[in-house]
Structures are given as C-alpha cells and as structure tokens.
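Two complexes follow with chain A in common, the first pairing it with chain B and the second with chain C.
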Partner chain A sequence: MATTQQSIFASYDKDPKFYDEIFDEKGNVKKVYQTLFDLYSGHSSQDFAKLNDKAKASFFNQGITFQVYTDQEAKEKIFPFDLFPRIIDQKEWDIIERGVLQRSKALNHFIWDIYHDKKIIKQGIVPLDLITSSANYLHQMIGVDPPGGIYNHISGTDLIKHSDGKYYVLEDNIRCPSGVSYVICNRTALKRALFGVFNHYNAHTVTDYAQNLLEIMESVKPRGVDEPNCVVITPGVYNSAYYEHSYLAKSMGVELVEGRDLFVENDFVYMQTIKGPERVDVIYRRIDDAFLDPLEFRPDSALGVPGLFSAYKKGNVCLVNAPGTGFADDKAVYTYMPEIIKYYLGEEPILNNVQTYHCSRPDELKYVLENIDKLVIKPVDEAGGYGISIGNRLTQEEIEKVKKTIQASPRKYIAQPIMSLSVHATYIEESESFESRHVDLRTFCLQGADKEFVLKGGLTRVALKKGNLIVNSSQGGGSKDTWVLKK
Partner chain B sequence: MLARVANNLFWMGRYIERAEHVARYLNVNYFSSLDAPNEKSQSRDHVLHSLLFMANGPVEEDYELTEKNAFYDIGLNPEKLFSVLNCIKYARENANGARDLISTELYESINKFYHFVLNYDADFFVSKGLFDFTTQIAESTSIIRAKIRGTLLHDEVYAIIMLGVNIERATQIVRIIQAKYYDALKAQGGYDKKFSKSYEWTTLLKCIEAYDMMRRHYKKTPTSLSTLEFLILNPECPRSVMNSLVQVKNHINVLNEDKYPEKDSAAFLIGKTHAEYRYKTVDTIEGNIESFIEEIQDTLIDIAKKIEKEYFKY
Partner chain C sequence: MEYTIKYKAVNTYESTVDEAFWQFLLRPEENKTQHVRISKFTNSLNAGIEISTNTFGFPICRVHPKKPFDAISFEASYIMSKEVTNPFSALDSVANPEHYALIKSLNFKIDYERFLSITPLTQLEKSQLPVQFSEERSVFDNLTELNEWVYKTFTFKTSVTDVKTTPVQFLEKGAGVCQDFTHLFLAIARLNNIPARYTSGYLHQGNGFQGDSQMHAWAECYIPEKGWLGFDPANNLIALENHIKVAHGQDYSDCAPIKGIIYSNAAANKTSYTVEVNARAESDPDVFSENQLFEPLPFKQQLAFQSQWQNQQYQQQQQLRHQLDNNEDPAL
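Moving on to the complex of A and B:
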C-alpha cells in the first residue's frame, strides 16, 4: 500500500505559499479527506489511468462536449473531468450558502433601486457615474416592474480560498451564469467510476436543481396565468453551451426553443407548435441582453424575437434573468458590495470581498503607492481585464509609471491584494499521478417570488496547467465533482 | 411540440432508416453476388452498378467504377451526400436539434453510433471491413430503434419519428425493388432462363431480410410474382410497403384525430393510399412494375410534403 501511495502522489508539490485543501501544514491528510485518501491509495496508477479513460469516454458518448474550430474542421472536445472530488463540510458550506444568498438578495434590491428611485445614489453610497458608465445598464428598464420583483433569479457567485484559509468572493455572475449541467454530469461520472468511494461519504444530491429552477420560474409567472408555460431559449445547436441548454429543458420537461420558434402578437409571446401557436409565459433565456429583441436592442440580432421586450414591459411574459442586470455584476460595483449589503439588508456581509483600496481616499492612496508590488491595480470603469497591472510582475520602472498614472487621476483606480487560489489534488494524465493544482468554486443560487434555493454543491474549476491561476475552460481548465457533506 | 423540432425528429427517423437500408443492401447484394449462378449476376460491374444505383441513382458515365471507389462513396465518403456516413451525421444533427425531447439513452445511442462511423478506418473498410462495417450499422440501428420504442413516450414525438421511419422504409424498399428489377432484367437466367425466375429475386428478398419468412409463407422458390406480392402487398411482412403504410396510417392518427380528415390533409392522402393498396392484387403490378414504382414514389413524396406543410411550419 505504501508504495502505491507514494507512486500516485509522488509528484505532489506542497507549496506553503498556497492553502492546500488536502494536506495540512505538517503534510498530513486532513480529516475529511482521510477516508478518500485511503481508498484511493488502494488503486494503482494503472487503475486511475483506466478510470480516467472510461470517464472521458462516458462524457464523449453522452455528447457532453463543446466544439473547437480549427482551420479544416470542427472538433468535438470534452471538458476535462477530474477524478479527485472536492469535499466541503457542513459547517463551511453553511457560511457559503448564507453568504451567496445574501449577496443575491442584496443585488436584487440594488437593481430594483437603480431602475426606480436610485436612493442609494441620492444618499451618496454608490456614485452615479459608476452605473451610467456601464454598457450593461439599460435605460429601457427604468421603471419596469418585473413579475415578482425579481431581476437576478439565477446567480452564479465565484469563490476562492485564499492562503489565509478563508473564502473570498471573486465575482458575482447575474447575467446568464453557466456550468450547472457540469455539476450534475460530474457527479454522475464520479459515481459511475468510483462508486466504492462515493458510498463512504454522505453527500447532498445535486439533481434537485432542475426541479427548483422550474419552481422558481413558475413563481414569477405573469399576472392572470394559472399554469405558466415555461421554456428555455437557446441561440441554437452550435452554441458552446447547447448541451447545458438542452439538459436544463429536458430535466425540467419544458420546451427548448430558438428565437425563430417564437413570435409576438399584441404583446403576447407564442411558440409555433405542430398544432399551431401556443402562448409562452416564462422564458429562461440563455441569450444576452443585446440579442433579445432586434426592435429594442441590436437590430442585426437573428437570435432574438422582435417585440419580446415590449411584451415583457407589459408584464405579459417573464424573462429569467431580467434584462439589464449586467451593470450590477461588474468589477466597479463589486467593490461596493459590502456597502450595498449593509444598505439594503442592514446586515454585515457574510462572505469576504477581496479587500479593496479606493485611490480616491487619501490614506488608502498612500498605502497603495507604498505597496504596489503586493497589489493588483484596476481601473474602475474598464471591463474585460483592460488596464490591469499586477504588482509583482512589474519592473521598478513600470511601478513608477503606474504610480504616476494613479496620482494623475486617483478617482479612476482601485487596488486589491494579489489573491492566491487554494490548491487541490488533481489527476494529471502526463504523469499518471495526482499533483496539486489551483481551484475555485462557482455556486448556483436561485431566487423567486416566494422561494430561494442554493444548490448544495457547485462547480469546482481547476487549472490543469502547473502554476496556472486561470481556471476557465477556455484556458484549458477542468472541473471536479464537489461534495457538500450532510450533518 | 415545436414545429421545428418535429421536423428534426421526422428527419432523424428517416436518416437512421436510410442508413440501415443502404448498408444492408451493400452487404447482402455484394456477398450474394460472389457466387451467383449466372455470369452476369456474378460480374463486378453489374453488382457495383446495382449498389451505386440503390444508394444514389444511375451511375455517371465518367465514374471510375472500382470496388474501392464504390464502397468508399457509399459507406464513408464525407463528400457524397448519400453516404452512410452522411446519413448518420444528419441523423445526429437532427437529434441534436431535438435533444431536449428525446431520452438521454436514445441520444447516447445515436451519438455513439455517429462516432463509430466517423472514426471507422476507410482503408480497412474498402479492403477488408465491408462485412464488419455494414453489420455494425445494422446492429446499431436496431439498438436505436429499440431505444425509440422502449424509452420514449408513445405520444406525438414517437408518432413523428415513426412517420419518418416508415415513410423512409417504404421509400427504400421501393428503391431496392427498383434496383433489383433492373438487375433481373439484365441478368436473366440462372436456375431457369426466365425473368420471372431470376436469381435476383432471391437476392432481393435477402436484401430486405425477408427471404426466410417468404419461404415459410409460400413454401416455394421465389418468383417475380410471389416476391413482389410479399414485399409490396403482404401486411404481415414487417418491411413490406403495405406494412409501412399501415404504420404511417396509425401514426398520423395520433396527430390528426379527425374522423373525416379534410381532403387536402396528409391524413386523407395516407388513408386513401392505404385503402388503395389494401385492395390491390399483384397481377396489376407485375406487368407494370416501372409505372408502379414511379407512382408509389410520387405518392410517398406527396405524403412527406403534406406532413411538412401541415406540421413543420415555423
């Protein structure tokens, strides 16, 4: 046993700079992972190579794939799935669950306020130009009352565990957060591959997501509708998330529609069925705001439905999530999240925001200028990673330059400490062994008119390249099954 | 059900069925020709022409008629719209469009099938793999049919798929009859010197996997008359044109519940065609095989067009 243990964990790096999810400071396996670790050590590296191939084939045969386009042809690829699950105990999960729910609710209040009274701006807590400068702020939404008063029915909050062992929120996604279908696939794949491991732990199910999503959608039905007809709208079979769209529709038992299946007449929305038009009441849309309705937003959109927004404004159809939520999940608003939570809910934030220094405040500016090498400098009004300087990657010369830029217009900049993502044991094909890789966690939170739900599990994304901190699937990231333990 | 998705399901059914008939024809016709009793039936050109005719239509004059070319084009050539590979590709694309409506199990069997065909080694196929490949196609389509029958609700979704399957089946059976009819004209002789007792009728029955049951039914060597009667008019022969029409009629009734369907509806035309074949006798067909073939092909096209117009408009 000892030798196999050595071989499958032989290349595991223990770097004290990062929080290790599996091993403690002394290099011992943490209690919650002990059973798993013992069971895995009973498998040889050949066993894992075989299991890894089987798991890949299972994803491939099920068609859980995305397209990669090369010069000649489109190739199908699977999202890499890791054989070592992440375990979150009940105590830790309880904080995460309450925390993401709190953020999701606060954001909903915030969006309502911004599109109505703008009290938070009038009271000087959030600056006006932060909102109006955002490309995702929709003037069309001013004064619109969405059914049930809900904007962000579905929120995906991304968390990391920093070297201090605490969870921090990296960002909230409240437009069309994706990835939930992989949570469920990962569970299925892990159970199939390693059923003898799974039954040693008492983990919450993740298959109840679809049922809860449908209930949330039904709770925000338009006025006067008894049994709402709910659908999922997708850009089509060539969209990279099409598998997820079809999975969600299938598991809810509702139709998966495209824009060309729908039409609007007298501000009501209908779909073309084999028996003629049928009214649609609630639409879970997986199309971005700009493409929803060519009459209201981008006129060249072929994905959307002409007249959809007008039907929405009249309250004849509900869109999940509401249009115009995007201004509230950008980087600049993020820094105000603690204030936003306090203002609307009168509560202290449960989850940590990454510490943010506003260069507009003199004492904070002083700290920033003295500690640039330990900080990430971000402009408040840019999106997509533009204008960001990472302090420990700058030369002395560049630091001086950044300092000057900040001093020239301190209101334009914020600074945050450089966060380090925790590491987790991850199966690496090349070495046929488990190595340490950085991970984050996407959670899924639902809120409706009369209910709320947080999926007990999540998508643990893992950067498969050594030392890489970027976990996105587009950058070669994979994912892990995530177990939330019962009490 | 969405009209667009219904269209996908209909064509999913058609392409799966088409792939199976083409593959089976390739398999049976080729192997039975190897030791055919007369020279013409045994000639390579004769059988390759027959294979290409069935899969696509008359062979163009400048076509380089070699075994490898013919096999590749019919089986795995991505450039040929009629290849088995493309049938499976289109079947899967259509299944993708209806992925939320069909069962996970059905989708997985189609998807696995697609990858099997896509990754099949073309060199191996044209030199050694003909039997293996075509047999696998027949097995995979059987599995898919079982998943359709055994894992879907027998509602409108099922009815639409089965309409596609049965219209395609009738179309392909007629196509195979047509191909073998021409073969029989060209290769008269064998056990007897007459057209009506050509060896090609036996091959025809085998191409439809109906030979054994035909022998059980008639207890005689197949002739043109008994073969055509069995394959066109016998409602108990599972792949006969008549049996397909019965199925089409049953399934259209799920979509159209009118007792007296309107005269320009698909249900009306299907009912009319069904009634016509029910009271047809083989002697009216045997003398005019060519015009029968033309007529039934036109009718099947009309039925499909009417279904499309009535149910798939979006």
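Moving on to the complex of A and C:
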C-alpha cells in the first residue's frame, strides 16, 4: 500500500507558498479527501494511465471538443479532463452559494439603475466615466425594461482560494458565461471511469442545471404568453462553444437555431419550421451584443436577426442575458463591487474582492508603474485571459514595454497583487502521476423573475503547465469534476 | 405653412436577391411646430410594410419582401404643416454664470450623458479641439459662432467623404457634406459640455429646386433655459420653418434614412435617391401632384433670405435688451 501511494504521489510538490486543497500544513491528507485518497492509493500508476485513456475516450465519444484561435488557424481539441475531483464541503459551499447569489443580484440592480436613473453615479459612488467609456455600455438599452426586470439571468463568478485559505472573487462574467457543459460532462466521464468512488461520497447532482435554466427562461416570458417557446441561438458550428450550445438546447428539449432560422415580423420573432412559422418568446442567445441585430448594431453581422432588438424593446421577446450587461462585468467596475453590493442590498459582501489598482487614477498608476514586478496587469475589457501580464514573470525589457502600453491608455488597465491560486492534485499524463497544479472555480448562478439557482458544483479549472497561473481553456487549461457534498 | 415632401429610392441588382430587409426613417417628426396631415409609403413589389419604432422612439417602416427580386423602389410622400416660429430672445447674448455652473454639474452630465458622449462618428480628442467656448459669452452666442466657424472653414462638396467619415478626417480634408459639418459641430459642442444631438430631416431650399437632392442633417443643442435649438452648420442657419425634422440620435448611425440588409451573391448594385420638398398653399388639393410651383425662389437666394432674417431678428432682440438695460421704465 505504502509503495503504491509513493508511486502515484511521488512527484507531488508541497510548496508552503500556496494553499493546498488536499494536504494540510503538516502534510496530512485533509479529512474530506481521506476516503478518496485511500481509494486512489490502492491503484497503480498503470491503472490510472488506463483510466485516463478511458475518460478521454468518453469525451471523444460524447463529442466534447472546443476550438482554440491562434493567429493562423483554429484547432479542434478535447477539453483536458482530470481524474482527481475537487471536493467542497457543505459549510464552505454555503458561503460560496450565498456570495455569488448576492453578487448576481447586486449586478442586476446595478444594470437596471445605470439604464434608468443612474442614482449610484449621482450619489458619487461610481464615476460616470467608468460607465460611458465602456464599449459594452449600450445607449440603445437606456430606458428599456427587460421582461421580469432581469438582465443577468446567467452569471459566472470566478473564485480562487488564496494562500490565506479564503475565497476571493477574480471576476464576474455576465455576458453569457460558458463552461457549464463541461461541468456536466466531467461528472459523466468520472462516473464512467471511477464509478465506485461515488458510493463513498454523497455529492449533489449537477445534471439539474438544464432543467433549472429552462425554468428561469420560462419565468421571464413576455407578458400575455402562457407557455413560452424557448430556443437557444448559436453563431454556428464554427463557434468554439458550439458543443455547449447544442448540449444545452438538447438537454432543455428546445430548438437550437441560427440567425437565419429566425425572422421578425411586426415586432414579433418567429422560427421557420417545416410546419410554417412558429412564434419564439425567450431566446438564450450565445451571440455577442454587436451581432444580435444588423439593423441596430453591427450592420455587417450575418449571425443575427434583423429587427430582433425592436421586438425585444417592445417586450415581445426576452433575450437571455439582456443586451448591454457587459459594462458591469468590466474589470474596472469589479473594483467597485463591495460598494455596489452595499448600495443596492444594504449588505456586507460575503465574498472578498481582490485589492485592485486603477491605472486611470494618477496616484494608483504611479504605484503600478513602480511595482509592476509584484502585480498582475489586466486589460479591463478582454475575456479569456488574453492580454494579461504577470509582473514577476517579465524580463526587464518586457516590463518597460508593459509600462509604455499602460501609459498609452491607462483607462484600459487595472492591476492586482499576484494572488496565489490554491493547488490541487492533478493527474499528469507525461509523468503518469498526480502533481500539484493551480486551480480556480467558476460558479454558475441563475436568476429569473421568481426564482434563483446556484449550480451545486462548478468548473474547477486547472492550469496544466507547471507553475502556470492562467487557467482559461483558451490558454491551455484543463478542468476537474467538482463535488459539493451534502450534509 | 405647408409642405409636400417626396422621397424616392430606386435599387437595382445585377443578379437576383433572395432575401432582404429594409428599414426607413423618413416620416417628419410630430412635434410642437410640425404635423403630418397625410402620409403614403409604397414599394414597387407591393411587399408588406411593418411599422415599428427605433431606439429613440421615432417611427420606422420595415420592408421584407417574401419573393426574390432584382429591382425594388420605395416612395414616401407626406403633406404636412409647419409653424413659423421666432426663437430669438433678448437674453440670447447674456452670459449667465448659472448656465455654466449647471452644465458642469454632475447631475446635468448624467441626465444628458447620451448627447454628451463621444461616439465613433463624433470622435475628437480634447487636445484637437479647434474651438474653445468662452464663459464670457452666452451659450447661444458660442454656438452661433461655432456654426459660423464650421460654415466658413469648410467647403461643401459631395463625393469626397462617406457615411463613415470622422471629424478628424473631415478636418484634414477641409470639405464634405452636411453629415460631416454636423458631426464636427456635435464633437466640438459636446467637448464644450453642451448636449448636442444629430438631427436628420428635409431642408426646404426653395420651390422649383428638384432632382437629386438628399436628406439634410443638422445639430440640435440644449441651451439652458431655452431648451433644444437646431443649428445648421452647412448653411450657417438656425433651424426654423425651412428645416423639417425627422429624427435625432447620437450620430448618423441612429438616423440613417434607409438601412438595408441584403442576402445575395449580387456583386454590384445601383441605388439612387431623390428628395423633393415643396411649399404649398393650404388651399391646394390634398394630392401628391408632380410639379407644385409656388412662390419660386432660387436655392441660394432663399437661404440668403433666411440668414438675413435671422440676423435681423437677433439684432432687434439685442437692441431691445440694450434699451431695457439703459431705461428704468420696464414698460418700454
């Protein structure tokens, strides 16, 4: 027993600089992982190599792939999956669940206020420039009342656990965050590969997500509609998340459509079917704002539906999420989240924000320029981990280059202390053993007119390159099944 | 007074178009000084016409033909009345510090944010600002001077710019059309904290002037206490009874009279537009007859006459104010 344990955890690094999810400071396995650890230790590295192949085959068979865009080409890849699940106990999960729900509600209030009275700006809590300078602030949304008063039906809040053992929010994603299909597929794959381990743990299911999403969509149906017709709209098969679009449509039992399948007549939206036009009431759209309606936004968009926006404005169709939410998940707005939560909900934030420096403020810019080696520099409006510089990984030459970039457009950048993402045991193919890798956690929170839901689980993203801190799938990250335990 | 307005667009395509959508923003706005009595909108394919409203609440027409085609034309006609107004007041040239305090206040900036924001078509850096407003003079005077400056500095010339031309490019070129004059005017007014909106409409240029004239554009600015007032920098005029407003927005992209989405392999297409605006007598029969010649005045002369009248009105108001200033008797 001891020898096999030696072999599969042999190359496991215990670095006291990082919070380890599995081992405590003394190097002992944490209670919640003990059973799993014992079960895994009973297998040889050959067993795991075999299991890993099985799990990979399961992904191939399910057709779960994504595309990575490089300068030259787009590549189809399977999403790297990991055999060692992350386990979150009920007490810890309770904080996360209440915390992400709080943020998602506060953001909804915030977006409503900005597109109506702008009271939070008038009160001097959030600066006007921060909103109007955002490319994702849509003046077309001013005064529009979305069905049910909901803007961010789906929110994906990214959390990390710092070396102090506390969760911190990295960012809130409210422009149709992706990744939920991987959560469900990870569970399926792990069940196929290691069915036995589930007998020892009582984890919440994650497969109820689609049912809840459908209920949320139905709760924001247009006025006067009894049984709403819901659809998922995708940019098409070439989109990197096409698998997820089709997965969600299939598991909700609704149609997956492209822009050309829909048309607008007299401000109502219809779907072309072989039986003739059929009215559409709620659209889960996985198309960016700019491409939704060529008559209102980008005229060269071939993905959208001409006239869709005026149907939406009239309340004849509901878009999930609403257009124009993007200004609120801007990384510069993120830094005001504690104030935003207090202002709208009168509550203290449940989850911590990472200390942030705004390069648009002269004194903070000065600090950033002088301390780049201790900071992470992020552009405020890029998603997917693009354009991030990590200070202590840069050469002197690179630092000078970053400084110049920031100085050229300070509003575009924020800086945060280098947070040490916690580490977790992860199966590494090359060494055929478990090694420690940095992880974060994307949560999925839904809110509708009379209902809210947080997926008990989430996407634990893993930075597969040793020592790497960027976990996005577009940057070579993998993922883990994530168990939230029942009592 | 009354006007007849006729808008015509003719589109021809080299090969068949399978699917197309059009959106039109052509109907004169209903407001305090304008009222449309009769309107007509037709297309050569007799395709159904849908009515909707745009982002700013202005009525739009949409056409979505159900069959493939290789040519389509649209025609809109309106008979409307327009009230003759005189916006000049004795206070126009009084510099009021309260007005400047107001436009600099946070609440004002928030409430008028939509018309103070810089858009891609009104992009201009503060450092490039060619005209700085002076608080020694009234907001009205600053805007009038800006109107004159744009008019005198740039040459009206077609085919040198297009709908995507920015103020910076217009500054370099030194010439363009009413859109370019308006975008530059908007950029400068907004950078000087004056809410300014792009306004599209028809310009009555004198009867008998027909042919390939286009829709017109000018700027509306918010002047404290006075409200929104139109400035036409392409003609150095205040927009009054000869300016028939259709819609306003942040810039041209909110006010395009015609937007078309064409799904076809057609390599090239030809589009031609004509706009006619004719003054009519109220006693004329309510029909859209071809040539209504009423009080013909050549284009240039008509504008010169308007400009002269506006100057006179302004002078009169100023004289009145001086008399009031110098005389204790308010009854005078």
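Criterion: the second predicted complex is superposed on the first by the 417 of 487 C-alpha atoms of A that agree within 3 Å, B and C clash if a C-alpha of one lies under 4 Å from a C-alpha of the other, contacts with A are read in each partner's own complex, and residues count from 1 in each chain.
Rule of thumb we're sticking to: a contact is a pair of C-beta atoms (placed from the backbone, for glycine too) under 8 Å apart; a residue touches a chain by one contact, two chains touch by 3 or more.
All values reported here derive from a predicted model rather than from experimental measurement.
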Contacts of A:V225 with chain B and chain C, given as first, second, both or neither: neither
First (chain B), second (chain C), both or neither touched by A:A49: neither
First, second, both or neither for A:I95, with chain B first and chain C second: neither
Which superposed partner A:A241 touches (first chain B, second chain C, both, neither): neither
Residues of chain A at both interfaces, chain B in one complex, chain C in the other: none
Residues of chain A defined as touching chain C within the complex: 118, 121-122, 124, 128, 132, 139-140, 142, 263, 265-267, 294-296, 299, 302, 306-307, 309-310, 313-314
In the complex, chain C residues that touch chain A: 21, 23, 50, 52-55, 60, 62, 64, 106-107, 109-110, 113-114, 117, 250, 259, 261, 263
Touch list for chain B against partner chain A, complex: 1-6, 93, 96-97, 99-101, 104, 107-108, 111-112, 115, 156, 160, 255, 311-314
Interfacial residue positions of chain A with respect to chain B in the complex: 60-63, 232, 237, 242, 245-247, 249-250, 254-258, 260-261, 271-274
